[in-house]
Every structure is written in C-alpha cells, then in structure tokens.
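What follows is one structure encoded as structure tokens, with my remarks underneath.
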Amino acid sequence: MSWNTFGRVFRFTTWGESHGPAIGAVVDGCPPGIALTEDDIQPWLDRRKPGQSKFTTQRREPDQVRILSGVFEGQDGKQRTTGTPISLMIKNVDQRSKDYSNVAQAYRPGHADYTYDAKYGFRDFRGGGRSSARETAMRVAAGAVARLVVPQVSILAYVAEIGGDRIDPAKFDAGQIGQNPFWCPDADAAQRWEKLVDDARKAGSSLGAVVECVARGVPAGWGAPLYAKLDSELAAAMMSINAVKGVEIGDGFDAARLSGEANADPMRPSSGGDAPEFAANHAGGIAGGIATGQPVTCRVAFKPTSSILTPVDTITRDGQATQISTRGRHDPCVGIRGVPVVEAMMACVLADQALLHRAQCGT
Amino acid sequence: MSWNTFGRVFRFTTWGESHGPAIGAVVDGCPPGIALTEDDIQPWLDRRKPGQSKFTTQRREPDQVRILSGVFEGQDGKQRTTGTPISLMIKNVDQRSKDYSNVAQAYRPGHADYTYDAKYGFRDFRGGGRSSARETAMRVAAGAVARLVVPQVSILAYVAEIGGDRIDPAKFDAGQIGQNPFWCPDADAAQRWEKLVDDARKAGSSLGAVVECVARGVPAGWGAPLYAKLDSELAAAMMSINAVKGVEIGDGFDAARLSGEANADPMRPSSGGDAPEFAANHAGGIAGGIATGQPVTCRVAFKPTSSILTPVDTITRDGQATQISTRGRHDPCVGIRGVPVVEAMMACVLADQALLHRAQCGT
Amino acid sequence: MSWNTFGRVFRFTTWGESHGPAIGAVVDGCPPGIALTEDDIQPWLDRRKPGQSKFTTQRREPDQVRILSGVFEGQDGKQRTTGTPISLMIKNVDQRSKDYSNVAQAYRPGHADYTYDAKYGFRDFRGGGRSSARETAMRVAAGAVARLVVPQVSILAYVAEIGGDRIDPAKFDAGQIGQNPFWCPDADAAQRWEKLVDDARKAGSSLGAVVECVARGVPAGWGAPLYAKLDSELAAAMMSINAVKGVEIGDGFDAARLSGEANADPMRPSSGGDAPEFAANHAGGIAGGIATGQPVTCRVAFKPTSSILTPVDTITRDGQATQISTRGRHDPCVGIRGVPVVEAMMACVLADQALLHRAQCGT
Amino acid sequence: MSWNTFGRVFRFTTWGESHGPAIGAVVDGCPPGIALTEDDIQPWLDRRKPGQSKFTTQRREPDQVRILSGVFEGQDGKQRTTGTPISLMIKNVDQRSKDYSNVAQAYRPGHADYTYDAKYGFRDFRGGGRSSARETAMRVAAGAVARLVVPQVSILAYVAEIGGDRIDPAKFDAGQIGQNPFWCPDADAAQRWEKLVDDARKAGSSLGAVVECVARGVPAGWGAPLYAKLDSELAAAMMSINAVKGVEIGDGFDAARLSGEANADPMRPSSGGDAPEFAANHAGGIAGGIATGQPVTCRVAFKPTSSILTPVDTITRDGQATQISTRGRHDPCVGIRGVPVVEAMMACVLADQALLHRAQCGT
C-alpha cells in the first residue's frame, strides 16, 4: 500500500506528482533551534536540478523551494526550527503541454506504468505521475534539513561508473567532482564519459551507472540491532530511489569473494581520540548494524532508464500488443542525477539514527 | 536504538541471546484461521540447524520450536491461528561452558563486539550475545508462518557462489539443491566446493558466498510506492541478516553496465491469464516498487565470517593493543546457513506486502 | 517529540501554524478509485469555519481547501483518488497584523505557551503557533476523505452540554442540530445557551462543553486487540483535540457507578441480518476493543478556553511575575467548534480500523 | 487487526492467552546499563496477583516472572539491561480444568466473545483467551521496567470510587492505600467498601470503580504535539485496559462545567528551581500535550465486570436465543485489580515520552 513516509524519529513524508501543481515534503521530528532558511535547502536542489547540461533531461524546473511551516524568526533575527513539522513545497512549472495519449493507453516497459495499474487500477500517467524521479527533489530538500541535524558528518557521493566504464581509484580527486557534469572524481573518466553519454543521448539510448557515497564523521555507536541496523536502513533508503537495483555496504559483493583473512578489519589503539584506528574498512564503517567510527560507505547501482528511442514490445491497457518508444527530453543516464539523491538519503538515515541513538543511549 | 521488530502489518519481534536460556519471536498481525502446528515450522528450522555437516559450525542445537500462544484447536480438531500474537520459543541447549574471558576483554575485529560496546557500554559477550547468527533461527520460524500467509507463492534460495567460484547457470538443477550440504543447484560446483570449503575449514579460514532467491507466484500489484517499495523492503530485510554486505534485485549491478535496450523487459499480451508475459526479467519482477507478476529475484552477498584462526590485530576494552584468533567450532562459510534465512525474510516481506496491499486495495 | 501523524494504515500528517502562510495535511494510505474533489471536503470545512456567529471567534478565514496531489481525472471525467498521498492545503488569510509582544514575553496560563518553551526553548507565539485550534481545520479536511473510505458509516456529533447545562434526551431531535449555532439537538437548550454563551462572551469569560458523537453502520468485527483497540484509538484521537480533557465510550464514568446487572448488554438473535440485536448499548458499541455492530458512541469534554478577559497571574519568559488577559476575538465556548472536529476524528479512526481489519481478515 | 505493541520508542509487545501455557512480553528500546533482576519486577506483579483477598477472583497464580533476555551480569556482579530486547515470561499454572462448553457455544454479553468471533471467526474461549485480564500481568511487568527508565518520577494510583461510593478528599491518606484490599486512601471508605463489595460478591453481582493516578516528578517539556500528546497517549493507554470505559486528565469532565476563570491555572515565579509554581492544577499537569512540571493526573472508569450470576439473554454461535450466567471464581470489582495496571501504563507512557523527548530535544 501507499507508504510515503521515511524514517522512524526524523521522518519525512513526500507528496505530489510529476505533472500536478506542486510537490512537497513534510519533515517531522527535527530538533528545535536549528538555523534554517530556504537558502540552506536551495543549493542542494540546484545541484539536482534537471536541464543543467545536455547529459540530463531538458525539462527546466526552477525547483524553488518554499518553507511553509516549522520555522520562526527569533529575537536574534535568525530563523530557526521550532521542533514542529517543516512543510516544504516546490511548484511544478515546466509541465510541457504534451499529448500523453500514447502513455495513457500503452504501458512503457521498465516503468511503473503497468504495475501502478495492476495495483490501483488507475493512475496519473502524465510524466510518470507519482513514480516520476521528480519526487526525488523532495528527498534532496529533506536531506538538506537532515544535514543540519548531523553537522558533524560530511557526506560525499560521486559517480564511479557509467555504462561499465569505471573511474580509476588512483586518479580519485574529490576536487574534480563539481567540475564536470557527471559528478566524476576522475578527470580522465569524465572526459571519456562525455563521449559515452553523448553518444547514448544522440542514439536515444541510455546507460546505467554506479554511485558511491561516503559519510565521514559518523560516531561509533550510531545504528541499531536488529531491524533498524544502519546498513539495513541505508539499503532500504537507497533501494527506494527510482532506477536503483543494487546496494552494497563497504566491499559489498567483493567481500563475498574474499577469504576471512583478506576481509579482516584489524583494529589498533587510537593515537588520540576515543575510537580505535582501523587498518582497513572492508566493512564500510558498520559492524553488527552499528557504526564503527570509520567512514560509512555504500555503492548504489542505477539501471539505464527504460525511456529509449528504440521501439519496445508492450501491451495496451486493454491487453493488446503494441510497441512504444520515447521521444523528446529524457535522461540518457539517470544515475548522474542520482548523486544528490543518494547523498540526501544518506543524510536522512544518519539524522534518524542519531536521534534514535540519543533516545536510547542519551548521547 | 534497539528495534527488534520487522514488518508493518505482518510483524515479528525477536528476542534472545546466543547463550541465554532461550530465543524467541512474537509474530503479530497474522490472519486468523490458518492451520498451524509446530510441525509446520520445525522442518524449516531443521534445514537451518547447525552441526549438520562439517561445513557448518559444530554447535549442536536441537532447535525445537514451541508455539506458546496465538493458536487454538477448533472443533474440527485442527489447530489454527486465532489472529492474536503467536509466541515462538526455542530453548538454548548447547551453550558450551567455555571461557569467554578473551572475548570479554578484547574485541573480535569484524564482529559487533566493539560497536555494541561503543553503543551500549555493556554487552553480553558470550557467543556474540544478541548479535549472534543464532537470532536467525527465529527469522526462519517467523518465515515459516509467513509462508502460510502467502501459500500461492513458492520461494527458492540457493548458494550461487562460494569464495568467488560460481555455479554454471547452464547446469542449474533445482533438484540438486537439497542433495548437497551447500544448497547448491549445480552438482559440479557442489563437488568443487566440497574441497574449497573443507580446505578453508582445515586452515581455520573462511569464505564468502552469494545466495540467490526466487519467489514465484507473486501477483502483479503487491508492493508499494514509495518508502515501502517491495525492493526497498527486500533490501532492508536481506541487509539485516548477519554478515550480509550487498543486495541486488534482478540484474542488480549488472544492470548498471547495460544499455537501455539490453536491459529492456518487453511485454506481450498474456496467452491465458491476466498478467502480461514478459520476454525477460532484468527487473527481478519489480517495477516502481510493485510486483510485475514475474518471479521476484534477489541476490545477497555474505562476507566470510571474521572468526578465523589467524591472529588479527585488535584492542582490549581498555584500548590496549592485542591480537585475537578464533579457535573451536565455527562456520567456514556462513553464507551456506544463510539460505533458509534469506528464504524466510523473503517470505516475511511478501506476507507483509500481501496484507498491506489488501488493506489499501481490498484484494 | 514531534509526532504529527495520526493513524496506522489510513494516516494523515498535518503541518502549519496559526499565522504561517498556510496549513496542510497529507493523507496517505487512502484506497484508490474514490471520487474526490474539493467539493467533497469544503462543506465540512465550512461547518467548522470560524466567524459564522457571534458565539465563535471572529477571525474570518475562507478556509478554501486545495487538493495538490493524489487525485486524477479518469476517462469518465470523474476525479478519483489514485492511491498515492493526497496533499491538502489551506492558505491562511486573516492573520490580523497585531502586536504579539505581550504573548511573546508572558505565558498565557492554560495555553501551551509555557510548555512549548519548556520543551523546545523557542516557539512561534503568533496566535498559538502550532498549538492553535487552527490545526483542527486539517483534521476536518482529512476526516472528509476518511468518510469516503467508510461510506457505510454515518457519523453524527452534537453539543450535549454547555457550562453544565445539559440537553434533555427526551427532546433530542437530530433535525435541530444544524438549525442553531450550537449544534444542539434540543431546541429548548439551544435557546437557553443563546443567553448563556452570549453572557460569557460579553463578560470576556468562557464556558466548557461536552460533545457527543455517534457512528452508525460500523460492522461488528472492526477494531483490534490490544493496543489498537477501537476504543483506545478513539480515546487517543479525541484527547488529541485542543482543549479536550476527558473521553467516555458508551456509558463511560456512569458505567463505573452501575452494577453488573444494570450495565448488561443482553443479546438477542437477529430478526434479519447477521449481527445480533442488543437490548441496550451501555458499552457504546465496543467490546474487547472490537465493534459489536451497534452504534459506536463517545463523549468528549472540552474545557473552557483559557483566553479570558480577567487578568490571570502568570510569568514572563524571564520568570518574572506578571498578569495577562485576552482581548479581542476569541471563542467563548471552544467546544462548539469542536463538533466537526470530533466527527472528523471518528471518521479517521474508523477508516483506519476498516483498512486494518481488511489487512488481517480480508473483508 | 492484531496490534499487540504499545509505545513508540520504549515499546512492549505482549502475547499469551488466559489458559495457554504462558504469557509474556518483549520490552524493546530500554536504555542500557539499568540494574534489573526479577526482584525488580516481582513485587509489582505480587500487588496485582489475583486470589489475595475475597474481593478479587480466586484464581491462584504465583505469577512468577522470568527474564529470558536483554540483561547481563557485568564485572561488578550486577545484572543490567544491555539495550537489547527484554523477554519476560510468566507460566500459567492455575488453569482450572473446567468445562468450557457453555462459553464455547454461547456468547457472554459484555465480554469480547461475540466480537472476537465476529472479527476472527474463531477464538480461544478458555477463560477469555487473549481478551482475559490475565494479559494485564505483562503490562505490570513491562511497567516495572519502565519505572526504572524514569526513576525521577513517582507514580501512585488508588481506587477513588466503587459502585458510586466515593472517597472523601479530606480524608485522603496515601499511607492507607496499602493497608486495605481496595487500594483505598480513605480508611472510612475502605470500611464501607468492605460490605459493599462483599455483598456484591455474595450476590454474584459486580460493581464498577474509578481509579485515580498521579505521577509526580514529570519534568516540564515531556510530551509532544500533536498526535503523541502526553494526554492522548495516556488516554489510549488507559482505554486499552480491560473494562475501562472513560478517561479524564486533570479535572476532566468537571472542567467542561467550569468557567474559564474557575478553570484557570495561574503561574507564579518559582521560589527555587526552574519550573514555575502553579496555584492550581485543573489541567492535570499537561498543556498542549506537554507536561507543565506539575503532577500528571488522570482518572479511569472501570465498568462492573459482565460476569454475573444473574442469567442474561444472549445467543449461541449459531444465533439461537439462550441465557448465560457466570458461576465460580470471578472479580466482584475488576477496578480494584486495575490499580497496578493503571500505574504500569502511566509508567510506560512516561518512559516512552522521556525517550522521545530526549531524541528530539537532547535532554
């Protein structure tokens, strides 16, 4: 059934369809007293915004967020969270007036068209309706609030692989990530992808991608046995993003190919602070569902969008055979725009776990 | 914090430590009138039971389940669920009286020893306490109940890979799965693994594994936008199992390396029933978080157990450098015993989604 | 902490402050295919709207609701729910530009001013902020949707008592309820209250009230053991309404004064349908947390609003002694405007229980 | 549907039927490091235990609780909570082997017999099965743990009224409460009740009662807007107890009969600590759903048990007219044994709110 709320204590609920009047989120459980204005959210939305290069969909949305509740300007002139629900809204602007009759009548394979109809018997088919990636804008907005809840944590995501072409870890340069349209930390790979993605775009084809995300500064102890494990929550968060088909924590599937010796994460006494030092981080910063104090790392697989120019066999709502192809604007590689969304979900999971930890353990 | 309940409508809550007097689960939300005795649960526990071959830990637990509530023998002499909570309990028997002082004082790297202490400042260190894989017995018990809630679904899991050695899909034979100690569907691979795992066992080493799971008979429409997506719930369920580091739905990370054309799942009119026919199932039976009617498939990566004979650097509770190694009984490949657990979690997720779907959509 | 969501399967989340730009609710879990336009919601809001007589606050809000998501116009031209979250919004219009400096500095006794500050250290003090009864408009809107989920149920609330002056059960006439500004079913009482409430208004005083609510058509079987009992959910729902201090189911506190014989609800075979006939309904239609098939009845006590003209001792934010009194528009009897809110909460509880029952029991 | 978990962060789940092998509770979310043995729980159970006077049911249950998980003996020799789920179990002993065929075939009016059948089509009829007040033993056990989570709070409940005969507030003496079989703080009333209840017992009749509960030491700030309000949670908690038909916070229904002036709770600067002083406590220590720092008070109405000697009209499972009466052991006034249960639910609500507050607000 419909379950549009994420989180247990720090929670957000999203609403809205791709071509409705607006989309929004209600963030509940946020601690009070946090300085928050629209300027704290907008930059993260701008990073995700479509239409910024030829490598993402040409739909142009200003994605201007408004805060409708949950903040108040105190006597110091600073607008702060009051501890009550924060309502965020973005008006939809560029709902191009187009003819959706083909989408209304025939199911786009790989999209949620058929399954929404199978479930609900009825759907808003304009632009994918509720299943549109447009919903992820509100995740990014909620994530911007979440970041302020856990300011000690820094989160960084990037594209590690497009269409099977991987970055070279030896060439990893965090400074590069914002310098190219692919959130790519390897300048050489970024150059190769330029052609790769452009070719796909021109051919009306699409490419998959792998996004990696690292959260630094997560204190040892956040997380939870057993069904709110930090890795379990991250897996749910990432797998709930449109087009995601796989999630790994730490070495992920590679760990399944290692021996116990090769996969060991030896510990050493801390040279300074409390947390021990680790010689490796195969575990991705999580053991038994709880943070070790090392960087929390995950990898997320995005499939190539199913919107392609090549006609694909499908059926109509009435069950008749037909074919469908996608013309016009689309994302040749949806994984690229997934980067800010992955970061946002990481932030939301960590904010929630931070508050859950504080509830039970007091710190 | 502590969150030992899984599920939204069909829910189970587990309790118990490896070396406490017992472990248990409370299954809540189960529909009434389902015939259920201990004999419906025991066979699934027997499949998971340790000590059945030299390839799994030699701890010997009868794992005899008792149903303490939630069932009643009606006038037809059949014991059935009453719709009230089903309490399941297994007494711990083989808590070998051993000296845990080394585990009490030093953290086993890769285990949850350090993180539980970091979180709670205090832990039951005997046999891993609450973080022991022993807890998974109760998942299997809950899963046995869940299967009865969705009898139209058949679930099959098997080991697809140990230590990097994969089965040959061409040699897949479901009949083989129960014929070898590895739940391996490829007789040749099973033979190779015999030596592979035995060598690891003798060397006090350990191996990772990949488990695949297929659920057939899941009707199109089960599942949910957006934060209780079927794939999102499966990812959380699988990632909550001890030693799991990665989850894939359908083609998973491979999909990230395909083009949109290669990844397409064309649809054709059904030759008979309602659901359309699909030419491929890259999506693993899920689109937009909702079942397509095809087999629901996932892959789960188990790391090699961190309990190995080779001494590994670690620290004591007081932060002093030391080394630790694991002697005595252990699992050379924990992934093997993960097979019944993966099946159980699949069953629990599907039972929950079936009831959630019925709540909103009436069928 | 902040928990702005009500319900388990049919859920709504409200947001917004009295003097913010807008208030809203997100209704999630609503079944698909239900015909729903703003015209289905507006009449219920109009019933609750302030400023309709001199007996309620003179704040004038058009309370025009907009549906921002979750509905779609099908091929039959009817707008229907799609099963996705329904976002409802009302713009605040009449936030009279007034000087709130006294409220900002001193706590109004009986209001949530002090407690919000004690909890959050910070609050939107304009018009009560989040604790304003204005929030109840969104409950009425959510309740309007809930009514459509359980169309077999008819819900009727009315004021049974103001300032200790009760209606005469012998003079109960449902047709009267909409004919006077008090939702009073007893024409004589309504006449008495006219003077009673007007006197209080002129004196800047306030009066408490008791609201009764009856839901007919609730099928036997809805409800739940043990912590989502129908009566338990109703109690929570009603007690969450501003100014409510007591809730009774059926005979309530009177039952505590009866003998078992006098309180008995004998059953007789049904003359026609399935459910038995009952000779009395002391239980208010609920036994063991589950509906009996009789009318579900509850009584709700509203305190007199604490906003009165008489100065009351209080303290400033700095802990200094002062006095405060309320000038200007206010409700002399907040219980009157509670009637549509009580009905709405009854509808929401029943819709939730209907879906929960269907989840577990299939009907 | 079945929802056997209470609480949001500090949660407990109960299981078990009156005549099954055992009853139990799983307490989850409890902070770690709290000293806890069975001796901390048993005294509270002993207070509730049936068969202690002729004024309560003669069923004799030792109600010996066992802790099966969630605690561990540390190096200081003290057994403490580990932060993992605490499993509590009580074996049923005195399930008198009696003939239940009359209860199996005919519905006892006022009990949950008919409604469970209407809901589930099937029930464990022995001794009320799941709907038996026996379940409340586990609430008392969970409450004993909850008390340790909020040691700053002291909770006191007592019977204020039986069969309409009230205590005299002027004669209130807390020291009396444990000195008579009625938990009565007024020695004179206790004497009167002796005859009152004994007469009812001999006549096979039953009496209702009102229980009052006061929690002192609840800090200002605990509680929550809007749907986890402290009063709303208390109302749900109390109304979920067997036989409860009404809940009041503070002055409750009496407040509905007061003017705003009479109901005012003026505040004065604190003479010492942080919280202000209040001249009255009509509000029962809660404003806007949040604690004011004053004593939190509530009143709970228990109906007379429906188990009486007088035959009452009812129907059989097949819908035929019949009569039923209750012979043998029963409670002439179930409200008496409700006292420890009311205290326990108060403790559980406060423990939950304390942790929720800490989650959001850090203290």
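The chains carry the letters A, B, C and D, assigned in the order they are written, with residues numbered from 1 in each.
Here is the rule we use: a residue touches a chain if its C-beta (ideal position, glycine included) is under 8 Å from a C-beta of that chain, and two chains touch if they have at least 3 such contacts.
Values in this document were obtained by computation on a predicted structure and should not be read as measured data.
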Fewest hops from chain B to chain D - one hop per pair of touching chains: 1
Chain of greatest Cα-centre distance to chain A: D
A-C compared against C-D, more contacting pairs: C-D
Rounded Å distance between chain A and chain D, as computed from the means of their C-alpha atoms: 45
Geometric centre distance via CA averages, chain D-chain C, whole Å: 26
Approximate Å spacing (C-alpha centroids) for the pair chain A, chain C: 38
Residues of chain D engaged with two or more neighbouring chains: 1-5, 9, 14, 29-30, 32, 83-84, 119-120, 130, 225, 356, 359-361
Residue numbers on chain D that touch chain B, as the complex places them: 1-5, 9, 11, 13-17, 20-24, 26, 28-30, 32-33, 66, 68-70, 72, 74, 80, 82-87, 119-124, 129-130
In the complex, chain D residues that touch chain C: 1-6, 8, 14, 107, 109-112, 114-116, 118-120, 130-131, 135, 161, 163-164, 200, 205-210, 220-229, 231-240, 242, 244-253, 255-261, 263-270, 275-276, 279, 282-284, 286-293, 301-308, 310, 312-315, 319-321, 335, 356-357, 359-361
Complex contact set, residues of chain B against chain C: 9, 29-32, 83-84, 225, 355-356, 358-362
